[in-house]
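To keep things clear, I will list the structure first and then write my remarks on it.
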Amino acid sequence: MTTITFPQGKQFDLVAIGRLCIDLNANEINRPMEETMTFTKYVGGSPANIAIGLANLGLNISFIGKIANDQMGNFIRNYLAQKNIDTSNIVIDKTNAVTGLTFTEIKSPSDCSILMYRNNVADLLLHPVEVQEGLIANSKALLISGTALASSPSREAVFLALDYAVKHGIRIIFDLDYRPYTWRDEAETAVYYNLAAEKCDIIIGTREEFNMMEKVLHVQLDDEQTASKWFTYKAQLVVIKHGGDGSIAYAKDGSRTKSGVFRTSVLKSFGAGDSYASAFIYKLMQGETVDVAMKYGSASASIVIAKHSCSDAMPTLDELEQKVKNGTYET
Amino acid sequence: MTTITFPQGKQFDLVAIGRLCIDLNANEINRPMEETMTFTKYVGGSPANIAIGLANLGLNISFIGKIANDQMGNFIRNYLAQKNIDTSNIVIDKTNAVTGLTFTEIKSPSDCSILMYRNNVADLLLHPVEVQEGLIANSKALLISGTALASSPSREAVFLALDYAVKHGIRIIFDLDYRPYTWRDEAETAVYYNLAAEKCDIIIGTREEFNMMEKVLHVQLDDEQTASKWFTYKAQLVVIKHGGDGSIAYAKDGSRTKSGVFRTSVLKSFGAGDSYASAFIYKLMQGETVDVAMKYGSASASIVIAKHSCSDAMPTLDELEQKVKNGTYET
Amino acid sequence: MTTITFPQGKQFDLVAIGRLCIDLNANEINRPMEETMTFTKYVGGSPANIAIGLANLGLNISFIGKIANDQMGNFIRNYLAQKNIDTSNIVIDKTNAVTGLTFTEIKSPSDCSILMYRNNVADLLLHPVEVQEGLIANSKALLISGTALASSPSREAVFLALDYAVKHGIRIIFDLDYRPYTWRDEAETAVYYNLAAEKCDIIIGTREEFNMMEKVLHVQLDDEQTASKWFTYKAQLVVIKHGGDGSIAYAKDGSRTKSGVFRTSVLKSFGAGDSYASAFIYKLMQGETVDVAMKYGSASASIVIAKHSCSDAMPTLDELEQKVKNGTYET
Amino acid sequence: MTTITFPQGKQFDLVAIGRLCIDLNANEINRPMEETMTFTKYVGGSPANIAIGLANLGLNISFIGKIANDQMGNFIRNYLAQKNIDTSNIVIDKTNAVTGLTFTEIKSPSDCSILMYRNNVADLLLHPVEVQEGLIANSKALLISGTALASSPSREAVFLALDYAVKHGIRIIFDLDYRPYTWRDEAETAVYYNLAAEKCDIIIGTREEFNMMEKVLHVQLDDEQTASKWFTYKAQLVVIKHGGDGSIAYAKDGSRTKSGVFRTSVLKSFGAGDSYASAFIYKLMQGETVDVAMKYGSASASIVIAKHSCSDAMPTLDELEQKVKNGTYET
């Protein structure tokens, strides 16, 4: 069975780079947002959620990002610090940028939508010279997510972080996390996703995301071909998600692992991907095989989608083990 | 005693133009925003608040503005419509602009602050060609507020609305409402405030706001001189606010009226100005003298600052009359 | 016969504000620009041309403007200084803005076109706080031209200059000079042209320019009505140009003067308006009647359109008097 | 001796992508630009110059770029077409962008400077979807230059062109051509230069350009180390220029070739690099060894720096052979 090795003897298990923002989740659910009167505030953003999930499970995590110089920014940094996440490379913006916001609308468990505020957000202003090489040198893995590639200078900060990670031989994990509304057009997106993916060891995305990356090159690949393409670069593991049909992990050694599902009572669909990723990465870093990691990923997702938030709902190791032990894993 | 006459036989008592946005007011008060976990959503924006206040008191109001094409925009339009405010000139943005947000932090009754989201907001995208001349022709008064002058094309929309108002001989009320963070610099602000004020019949602002308008011209005026300056243009009434020291209304006929205060238990300071303005304008339009209008303005303010919101707390005529009858007006 | 009075005892006869740029005129004429191989460099821009024309005729002129911090900017300042124009309020840009360029294409005397470079030009970066009130206080007249209203902060600089001119009671001359390509849209243009024209004593423009200013207000005026409208503000003289059919000057005293033409051999049509304006203003400032000023304006235009440049071709007083004496003035 | 192989059986010898602009060269030399009165117009831009040089020498060349929809754009396209360069992928801008301009100032043979107009230029608006994959598939080599990476969408167009070139196995030549004024900052520049260089077979640049690319990674390499770094990616040949000390070509096979110089009477230094590159590439594509290619490069440079323009002065094969035969090559 396939496992992924990570460099040892590093201060941090993983350093994440990218989006730090605020989720404002509707308190009154099962109705359109027009009729929602109150909202609860949580830390959000895909890499932030995954970092929090990993910290909850006991890993030593650092974060590279930029926050607004206001109460929202303070809240984010305080929250991460309380989770024992290293915030020494969380830079405070000096240009009056704001914190990105995501209002959620929960009409029904399967009909959720979001309303984003992404104009002049601090997280996209992280500049390459603000990325601390030493932090990356002292980590076993770097986690990037696609949203941080959406505009300059955050885009260049991520590419420089990738260069540092390559220079120091640490593992790189790419959570594609493609959000069309933050990008100018699909061709631009594909160009940078492809440039970044060439440098990554583990690539996690939906079939649609991989399609977007391939379309600009005028090719149409099936899952096997997609995975094979990235194996010619640096990838060792390519996880392709097929929504309700589950995910398949392709490894460079030729193995192929399909995920199952832990049934639960779904409150909302948000957070499924981030909670999956955090437990999946956790188990891979523990030296577990891909199929075990996928099982824990599914367990983690089933816990989070039954709760109101993403970041705040990330399970502890105990909760996760309980779910794996007591839940029903349908494959 | 001074009264202001308004044209008669018009469909609307007043048409307001400008900012329509969302207030997100902290539910947990007396603490910094970092520790605020939930927020309640209200319609906000100075001209919106005044328009709602006037509609509550029974006037026939229309609004000229632009809203985002999303749930926040829908909520604003629905709320105004429920208040019987005419929304036929509330234009829906087609460019993915967002709704302006104002998060409030209530540390104590006297220590309140706000955090604004004003990047790419729909209200500032109102274009001059979207302003319906007929609506202004069919109103007794036009209300403008300074925030709508902060950038193009909303700035030009307001100037064109002023031209229409002059063309049709209707009264113009200017609530200065200067918010530095939405402006590039003070000189730019002063230029447009002065150009707009030249065309207005009633000008309401703080001493600091008038100072800002005069500084760029290298003059320093006292209240009398400030008022006199505007009487050489079109003004009939200039209200200058001195914070805790109350306001003074200067009329072109030479009269001078000082406001008093209704004491109350203050929850937060937000909304005092807008609630004052709505009752003050209401009484002026009823043909009352300036001193009566100021008394009702103070009563209205004392009601709103004791409650959690601005727009939603605007009193009905009954509430207002009760306050005037039963409250203590200290002059 | 109508004359215009100007304040006396001032250091400068006239201060102009606005565009300073470079004309690059095709040396090989009567062919499309694609086939033009060499260009000659001149100072250009409507207010610069008029200022140079006035200085040539012996008036004491100052200029308020902004130039790029490069060789083109140096050339402009040096040229004006050689013409004895005061350059103490010509500010040097510090933001790497460039000098506006106008390439001319002379296919035939009647078929001339231009290609403009107006992105990030220094002249439109003049900031209101850079305008010296003292210079305006010490001039008999202020000349503005419409292009300087095209964008911020130059737009606000012009409005502040107008405020200073009103404060100090000096004459204001507005050369409409509407160049559509420098503006976002016609409604925005009309709003600012109207705001500026309200403060001016002498307004000079084409029928099409006045139409543009009136269209946004949903009115359609003939020449008499247009002139009458501005007489209700501050105007004393409104000159409306009808292309080949000549110009008509309407005075507040009810007089109406039609211009004639000095026939000449036309090389190109550029510069006709600026050379006309300079001699026209010169004669008005000498206390001559409007009809004499118009005759000299026509003479000046006939001299410039027979030569290769605008600024460099502006006549001296001797040349102008010779033309008036020896030329045939067809009315 | 080292040679570079190119794929055979392609329609075009080379396709260049990037900057197409206009040079306006001072006719009056040996003086500052302030005193230059006339300018002559030429096609310019590093990849354009190299493409013209290659076409002059008889290669079959295509160009991928974007031109303004005006007389300057027409002139560029016509000129390339006259040189038998394929213009089927020269896109005409539809957004009123302008043609980039470069004014030259020739104070002395060794003291030349330029003044660039790069705001809103058409060449930087080339969009990735406008790049024709078929054209790249049908070429033996792709030439990119660094200026086209300076901003979006041209930056993405170049990266996509690189992807197409890799997909079709054609040679890629990277002329670094770093122009600081077109970039936001050095870190951003280095990130994209490094990403592009990873995909290139032949990299040509100055020592300072390679230093800039290395500085962001906190490494300082000598020529050998720089070349070795790129050999770990795709490079086969790395040419590092040391100004007056000549250039050194490092090949992946370990060879190292130093260039010499043909003495000439220098008029201006502009164009030396582009003329060198065109003859160097030409000879490499003829199957010649690196040292022969460098000799022809030097001969070509010595011809161009003695003449007034860059593009127009590119030698024919006859001229080049004459220079090599009759000139003195000092090594």
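We call the chains A, B, C and D, going by the order they appear; numbering starts again at 1 in every chain.
The rule is short, and it goes like this: a contact is a pair of C-beta atoms (placed from the backbone, for glycine too) under 8 Å apart; a residue touches a chain by one contact, two chains touch by 3 or more.
Labels paired with UniProt names: A, B, C, D = 5-dehydro-2-deoxygluconokinase.
Given the structure is predicted, the values throughout are model-derived calculations rather than measurements.
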Quiz item: So, what's the distance in Å between the C-alpha centres of chain D and chain C?
Solution: 44
Quiz prompt | Distance between the centres, which are taken as Cα means, of chain C and chain B, whole angstrom | solution = 41
Quiz item: In whole angstrom, how far does the Cα centroid of chain A sit from the Cα centroid of chain C?
Solution: 60
Quiz item: Do you know which chain C residues sit against two or more other chains?
Solution: none
Quiz item: Drawing the touching chains as a network, do you get a line, a ring, a star, a complete graph or other?
Solution: ring
Self-check item: Contacting chain pairs - touch in the sense defined above
Solution: A-B, A-D, B-C, C-D
Practice problem: Would you pull the chain C residues touching chain B in the complex into a rising list? | Solution: 127-129, 133, 152-153, 156, 159-160, 163-164, 167, 184, 187-188, 191-192, 194-195, 216-218
Self-check item: Residues of chain B defined as touching chain A within the complex
Solution: 24, 27, 32-34, 36-41, 70-72, 74-75, 78, 96, 98, 101, 103, 105, 115, 117, 119-120, 181
